[in-house]
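Think of it as A, B, C, D, E, F, G, H, I and J in the order they're written, each chain with its own count starting at 1.
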Amino acid sequence: MKPIMSKSEAAELVRSARVRHGLSWAQIAEKLGTPLVWTTAALLGQHPMSPEQADTVCGMLELDDTVAEALRTQPSRGTDPQVMADPTIYRFSEALAVYGPALKELIHEEFGDGIMSAINFKVDVERRSDPEGDRVVVTFDGKFLDYRW
Amino acid sequence: MKPIMSKSEAAELVRSARVRHGLSWAQIAEKLGTPLVWTTAALLGQHPMSPEQADTVCGMLELDDTVAEALRTQPSRGTDPQVMADPTIYRFSEALAVYGPALKELIHEEFGDGIMSAINFKVDVERRSDPEGDRVVVTFDGKFLDYRW
Amino acid sequence: MKPIMSKSEAAELVRSARVRHGLSWAQIAEKLGTPLVWTTAALLGQHPMSPEQADTVCGMLELDDTVAEALRTQPSRGTDPQVMADPTIYRFSEALAVYGPALKELIHEEFGDGIMSAINFKVDVERRSDPEGDRVVVTFDGKFLDYRW
Amino acid sequence: MKPIMSKSEAAELVRSARVRHGLSWAQIAEKLGTPLVWTTAALLGQHPMSPEQADTVCGMLELDDTVAEALRTQPSRGTDPQVMADPTIYRFSEALAVYGPALKELIHEEFGDGIMSAINFKVDVERRSDPEGDRVVVTFDGKFLDYRW
Amino acid sequence: MKPIMSKSEAAELVRSARVRHGLSWAQIAEKLGTPLVWTTAALLGQHPMSPEQADTVCGMLELDDTVAEALRTQPSRGTDPQVMADPTIYRFSEALAVYGPALKELIHEEFGDGIMSAINFKVDVERRSDPEGDRVVVTFDGKFLDYRW
Amino acid sequence: MKPIMSKSEAAELVRSARVRHGLSWAQIAEKLGTPLVWTTAALLGQHPMSPEQADTVCGMLELDDTVAEALRTQPSRGTDPQVMADPTIYRFSEALAVYGPALKELIHEEFGDGIMSAINFKVDVERRSDPEGDRVVVTFDGKFLDYRW
Amino acid sequence: MKPIMSKSEAAELVRSARVRHGLSWAQIAEKLGTPLVWTTAALLGQHPMSPEQADTVCGMLELDDTVAEALRTQPSRGTDPQVMADPTIYRFSEALAVYGPALKELIHEEFGDGIMSAINFKVDVERRSDPEGDRVVVTFDGKFLDYRW
Amino acid sequence: MKPIMSKSEAAELVRSARVRHGLSWAQIAEKLGTPLVWTTAALLGQHPMSPEQADTVCGMLELDDTVAEALRTQPSRGTDPQVMADPTIYRFSEALAVYGPALKELIHEEFGDGIMSAINFKVDVERRSDPEGDRVVVTFDGKFLDYRW
Amino acid sequence: MKPIMSKSEAAELVRSARVRHGLSWAQIAEKLGTPLVWTTAALLGQHPMSPEQADTVCGMLELDDTVAEALRTQPSRGTDPQVMADPTIYRFSEALAVYGPALKELIHEEFGDGIMSAINFKVDVERRSDPEGDRVVVTFDGKFLDYRW
Amino acid sequence: MKPIMSKSEAAELVRSARVRHGLSWAQIAEKLGTPLVWTTAALLGQHPMSPEQADTVCGMLELDDTVAEALRTQPSRGTDPQVMADPTIYRFSEALAVYGPALKELIHEEFGDGIMSAINFKVDVERRSDPEGDRVVVTFDGKFLDYRW
C-alpha cells in the first residue's frame, strides 16, 4: 500500500498544473466558489478541502485522485523558516516586528485584554490603484477573543 | 555628559505616564493629528518624531525634555524575539506562517514579480462590530514595488 | 518620574513577601475569591489584575502601591526559555512532545478542523491521592474554535 | 536484508489506511481495548506495541507484517519542532509558556520539591458540551515524584 | 504528471552544462543582452526569466525544455545559511557586520529616515586593476525609499 | 581604578554629542581628514583611532578624555544580531541572500579561486540623483586574495 | 522591601566565602552531614536547603541571614548554556553524545520501556587511583521508571 | 563503484537483524568478548571495529560484508539533537544541567585544574535491585587530565 | 543530462576507494606532489583540483571521470555543524574558545590592527614524539593582513 | 561581604591598566616567566594564576588585591559567541570549517583513533618575516589521546 501523498507534494503538483494550464488562482477560486486567499492557502496545503472541492480542482487541472485524496487530508500547518525569508513574505514579518507592539497596545485599548483570533479569521489581498504606484492591501480580520477564565 | 536616553527607556516612561494620566493612545494621536498606529509605534520607539510632536507628547504627559530628545532620535527598528511570542502579537505571526505563501502567490499573480513595501506603508487597526463577536480588522497597505533592475 | 515597576520585579516582590508572611498561594486566591492557577499566574505577571485585586494582595503582603500599580498593567505574556527547562516545567513540554500529535489527531476527530483556545481557557491543578503515590492532575480546559473563514 | 521500517513510515501508513477504511482512532482503541490517547500516540510512533496489539491493528487496517514489526519496536520519542508549531499543538505550548511557572509554584506548594512524572503518566482528551461552545478538556495525570537523594 | 523541476535542480543543470560547454557567465549574459549579475542570479534560481530568455539559455547549453520551464517560474528567494558561510560570500556579511551601522547612520544623514531598496536595485561586480593587487569592486545601487505613511 | 570605557558606551556618547552639537558625520570626517564611512564606523566602535584623531573628535564634541581613551582602543568588531534586523541594515543582508551566490560565481570567473578581502577594504556610500527617485549607491572595494598555499 | 536574594547571587557569596575561609566543599558537606554532590549543588542554587542546613552553612562561612533565606527558597533548576560549554562540564555532554543512544538501548534491554529517573536520583564523584593516572569516577544512580499508563 | 555504506545505515541493519534474531546486546558483547556499552556504541556507529569483530557480528546476525566494511570505518562521532531529546537520553542531560557545575567544583577540589577525559574513558550501566524499585546505575570513568602547558 | 556529481558525493567515493585500495592520504599527496593537508582537504571537497591532479587521483583509485569532473569544480567551502561536533574536530574549536581572545590580543600587539589570512594560508599537521606520549602539532600559517582602507 | 570580583571584570581592569602603563603582554609574560599565550589567556580569565603570579601582575599594573583574588580563582572557560565573530578570531574558526575534516583524517591516519588533547596542550603565536608580507604562525601542540576503554 502506498501512503497518502503528502500535502506539500500535492501542492507542488497543483502549482505545476496551474502554470501549465495557464489558470490563475483567481479562476480556480471562482470555479470553487471559495474565497481567494483561502483557496490558495488550501491548495498549498494549509487547509483541508471537502471531497467536492478537491475533485473540482483536480478536474480543472487534470490531476488524478491521489492528489485529491491529499487535498482532503487534515494539514499540519506552518511554513518552513527558509521560505519565510523570501522577500515578498519577509516584508510582512518586518512590518510585524515594527508595528506588532503597537497593534498589541491598540487591541488592548479598544477591546480589553485579549487577542485577534487566527482561527476564526480571514485574510484578503487586493490591489488599490494609486497615482504614485498601485498598492497591495492585505486585510487581517479575526474575531476578538478576550482572556476569559 | 549623559547620553541621550534610549528609545526603549523613553517608551517605558511614555507608557507609564499615559496610564497614570488616564490618556488613551487615541487621545494622544488626536492631539498630535497623526495616524493612530503610527503614533503608537513612534512612541514605542519605532519612528523618529519631529521636535513639535515630541514636545506636544511630553507636554501632555508631563515628561521632561530628556524624553522628548529621545523621541526625536532615529530608531534602530525591530522587536525582541521574546516579546514577539506574546499571544496577542503571535497570532499575526501564525497567520503569516499559514497564509504567507498564499499571499506571495497572489501578489505575484496580480502585480507580477515584486513585493509589498514595508516602508511606503501604513497599518490600520479597527473594530468591526459583529453579532457573533466583534472583530479586530488590521489592514496592511503598502506600495507595490516590482523587482526592477 | 519613575516608570511603572516591571511585572517581573513586582512578581519577585510578591514571591518574597508571600514566603516571609508564610502565606500560601491558595490563601491568597481564597482571599481574592479568584481561581488558584489564575491568581498565581497573575501574580507572577501573566494577567492584569483589577485595582481591587491588586490592592487586596498588596494589603495582605504589606507591599506598597508601586507593586499594586505594576500588578494592574497589561502584561507581555510568556516565559524565558531557560526557565522552561526547569524539570518541573519541562515534564509538561516533554509530554507535549510525546502526545501533541496524538492530541491533534483526536481533537480533529472529535471536533473537526480547529483548536483548543488558549485564551477562552482555564487550567486547574489538583492532588489525587493514590496508594502507589499521589498524583498531580492538571486539566487544560479551552473552548473549541473551528477554523472558520 | 531490508531494515525494519521506521516508526514514522509506519505511522504514515497507519494514518493513510485509517482514513481509507473510514475508521476512527476511537474505533481502533476500542478494538484494542487500550486507552484512546495512548493508542493514537503508539500508532503515531511514540510507544512500542505488543505483538498482539500490532497484529490486531494491522488486521483491521489491512497492513502487512512489515508495519506490525515497526509498531513493535522501541521508539525514539519526540516531535519535530516544525510540527510543534502547528496551531492545534502550539496552543498547548503557549498555555505552558503562560501558566508553566504558576503550575510549578503550585506543585511545590502542594507536594513539596518535585515534579509530575511524564513517564508514570496518562493523558485524556474529552469533549465537554457548553452552551457557549463546546470545550476541549485535556487532563495530564502523572505521579508526583519528589526530589529524593 | 511530473511537477515542474525545482529552480535549484535547474540551477545545478545550468551550472554543469555551463562548465561542460566551456562558457562563461559573461558570455551567457552577453548572448541574452541582460546584466551580468542579474543573469547569473536568475540562472541560479533567484529571478524568473522570460520564456525567450529561458529558451535562449537552454539552447546555448543544450538543456531541454524541463529546465526552461523551471527557469520561467517565480522563485522563492534566499540562500541556505550553510552556503552563506562560504568564505567568498562570508566576507560580504562580515563587512556588513562591521560597516552596517555606519551605513545606516549615513543613509539617514544624507536621505532622512528610510532605506536603500533591495527590490528597485541592481548590483555590479568589476575588477579594478591595482599595482598592489587587483581589486573586487561590488556596487549596490538601490532606490532610496523614505518611511512614508 | 576604573576600567577604560567600553567602545559601545563611547559610541553612545559620541552619537549623543553629535546630535546635540548639530554636527554631521560628514563634518566630523572632514575635520579629521578621514574617509566618511571609515570615520563613522570608527566612532561607532569598529576601528581604533589614533590619539590625534580621538582628541580632535572629543574636542569638537566637548567630550572628555575618558571617551578619547575608549576611541583609541582596539575593538572587538561586529554587530548585535538584533541590530542587524533593522530594516535599513537588513536590506543589505537580503541583497546578499539573493545575490551572494552569483557574486561568488563571478568573482571566481573573473579572478579565479579566492575572495574579496574585507580587511584590505573600503566602503563608500553616495547619493545619485535620479528622476525616478534618488538612489543609494554603496561600493564595496576589497583587494582580491587568491587561495594560495 | 527588598526581594529575597537570588540563588545565583547567594551562590556567588557562598563560593567567595568558601575560598576566603579556606574551606572545602567536603568540609561543608561533612559539617552538614549531607552527601557531597548534593551539598555542592544545593549551595550552587540547585536544591532548596532546610532552615537548619542554611543556618549551619551561613554560620560556617560568616554569611548573614539574607543568604540563608536565599538558600532555603525553591530553585528554578538548570545551567546557562554558556557555562555548559566549559571543558570540565562539556566532557560529560560529549560522553552523552557518544554513548547516549547505547545507554538507551541497554536500559530498554535490561529494564523494558522506561527511563532512569533524574529526580529519585543521586550522583557521586570519586577519585580512583590508577598507576597510569588517577581517574574521575562519576556514578549516576536513578530509580528505573517504566512507561506506565 | 558504490561508496562504503554509512555507519548509520549499518547501525539500522544491525538493529533490525538483532531484533529479528532475538539476540540481546549482551549476547553480542559476550560473543565478541568486548565491554557491553562499548559494543553497543560501536554497533550504533560510534567506534570503529576491528575486522575480526566486524566479521563476528555480521556472522551472528547474517549480515553481508558491506555491513562489516562499514563497521570497520572510522566514525564521525555524535548524535542528532532531536535524538538527544528522547526522554530516556534526556534525563542524563537534565542531570548534567542540574549537577554539572557541582561536578566541576568537586573535580577541581579533588584533582586541581583539569577535566575527566571522555577519550581515555569507559561507561558502564547496571541494574541494582532495590526494594523501592530497581535502579539504573551508570558509571562514567575517565582519566583525570590536568591543564598542563 | 546528469548534473556534475556533488563534491560531497565525490568525497565519499574517494574516501571509500582509498580505504579499499589500502592507500594513505600521504601516499596520494606524495603521488600528486602536493602538500598533505591541502590534498586531503581538496579530496574532501574544500579546494578545486587541476585536471591533471583530478585525473591522477582517479587513476590511482580507479574512479571514473565523473569523480574527476567533480574534483575539478569550484567548491562551496565549509563543514556541517554536526560534523564540527565530532570530538577530534571539536578539540580545535574548544582551544579557540579558550585561547581565541588571547591570540587576538597578541596578533594586535605584534602586528597592529589586522588579521591572519585564512586564504593566503597553509596548515600542517605532524607527529612529535615525546616520552610522555606523542603529540599532535598543527601549524596555522597565514599572511598578516592589516586593516587598510 | 562582597563576592570575589568576576574574572571578566578583572580582565577588563588588567586590559585597561596594561594600556595605561604602556606595557605589552610580552613584558608581563617575561616578568612572570610564563609562556606568552598562557599568560595572556590567564589574564583574560581562562586560567587560574598562582598567588605569586597574581601578586606580581597586580604589582606591575598597580591593581589592588581584589583583582589578584579574582585572578587566582578557578575559571569557567569559554568565550561569548559574539566575540568569536570578531574577524581576527573568526579566521581561525573559518580555517577549522575548511580544514577540520582533513585534520581529523590525518590524525587518524598517523595516530589511530583518538584526538589531540586541548588540555595537555600549548599554543604559540609568532611572527615569521616573509618578503611577500610577514606571516602569523600559530602552533597548536597537544598530546595525542587514543580512544582507550
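The definition used in the following text is that a contact is a pair of C-beta atoms (placed from the backbone, for glycine too) under 8 Å apart; a residue touches a chain by one contact, two chains touch by 3 or more.
Since the model is a prediction, treat every value here as computed from it, not as a measurement.
J.: Work out which chains are contact partners of both subunit D and subunit H.
T.: The shared contacts of subunit D and subunit H, listed by label, come to C, G.
J.: Hopping along touching chains only, can you work out the least number of steps from subunit B to subunit I?
T.: The fewest steps needed to get from subunit B to subunit I is 2.
J.: Starting at subunit C, find the fewest moves between touching chains needed to arrive at subunit G.
T.: Each step joins two touching chains, and the minimum needed here is 1.
J.: Across the interfaces A-D and E-F, which one involves more C-beta pairs in contact?
T.: Top pair by contacting C-beta pairs is E-F.
J.: Most remote chain relative to subunit C, going by C-alpha centroids?
T.: Measuring from the centre of subunit C, the most distant chain centre belongs to I.
J.: Please pick, from E-F, C-G or C-H, the pair whose interface repeats that of D-H, with more than half of the contact pairs identical by residue number.
T.: Matching more than half of the contact pairs of D-H: C-G.
J.: Using just the Cα atoms, superpose subunit B onto subunit H and tell me the rotation angle to the nearest 5°.
T.: Resulting rotation angle: about 180 degrees.
J.: Please report how many Å separate the Cα centroid of subunit G from that of subunit I, as a whole number.
T.: 42
J.: When the centre of a chain is set as the mean of its C-alpha atoms, what distance in Å lies between subunit D and subunit J?
T.: Centre-to-centre distance between subunit D and subunit J: 50 Å.
J.: With chain centres taken as the means of their Cα atoms, state the distance from subunit G to subunit H in Å.
T.: Whole-Å distance between the two chain centres: 25.
J.: Any chance you could list the residues of subunit C touching two or more other chains?
T.: Within subunit C, the residues that touch at least two other chains are 76-78, 83, 85-88, 94, 97-98, 104, 108, 114-115, 117-121, 145.
J.: Once the touch criterion is applied, which pairs of chains come out as touching?
T.: A-B, A-C, A-D, A-E, A-F, B-C, B-D, B-E, B-F, C-D, C-G, C-H, D-G, D-H, E-F, E-I, E-J, F-I, F-J, G-H, G-I, G-J, H-I, H-J, I-J
J.: Going by the contact rule set out above, which residues of subunit E touch subunit I in the complex?
T.: 9, 12-13, 15-17, 19-20, 62-63, 82-83, 85-88
J.: Provide the residue numbers of subunit I that touch subunit F in the complex, in ascending order.
T.: Residue positions touching the partner: 35, 38, 47-48, 74, 76, 104, 108, 113-115, 117, 119-122, 145-149.
J.: Contact residues on subunit C for subunit D in the complex?
T.: The touching residues are 24-26, 36-37, 40-41, 44, 46, 77-79, 83-84, 86-89, 91-111, 114-118, 120-121, 123, 125, 127-128, 130, 132-145.
J.: Spell out the part of subunit H that touches subunit C in their complex, as residue ranges.
T.: Against subunit C, subunit H makes touches at 85, 87, 90, 94, 97-98.
J.: In the complex formed with subunit A, which residues of subunit E make contact?
T.: For this pair, the touching residues of subunit E are 1-4, 73, 75-78, 80, 118-119.
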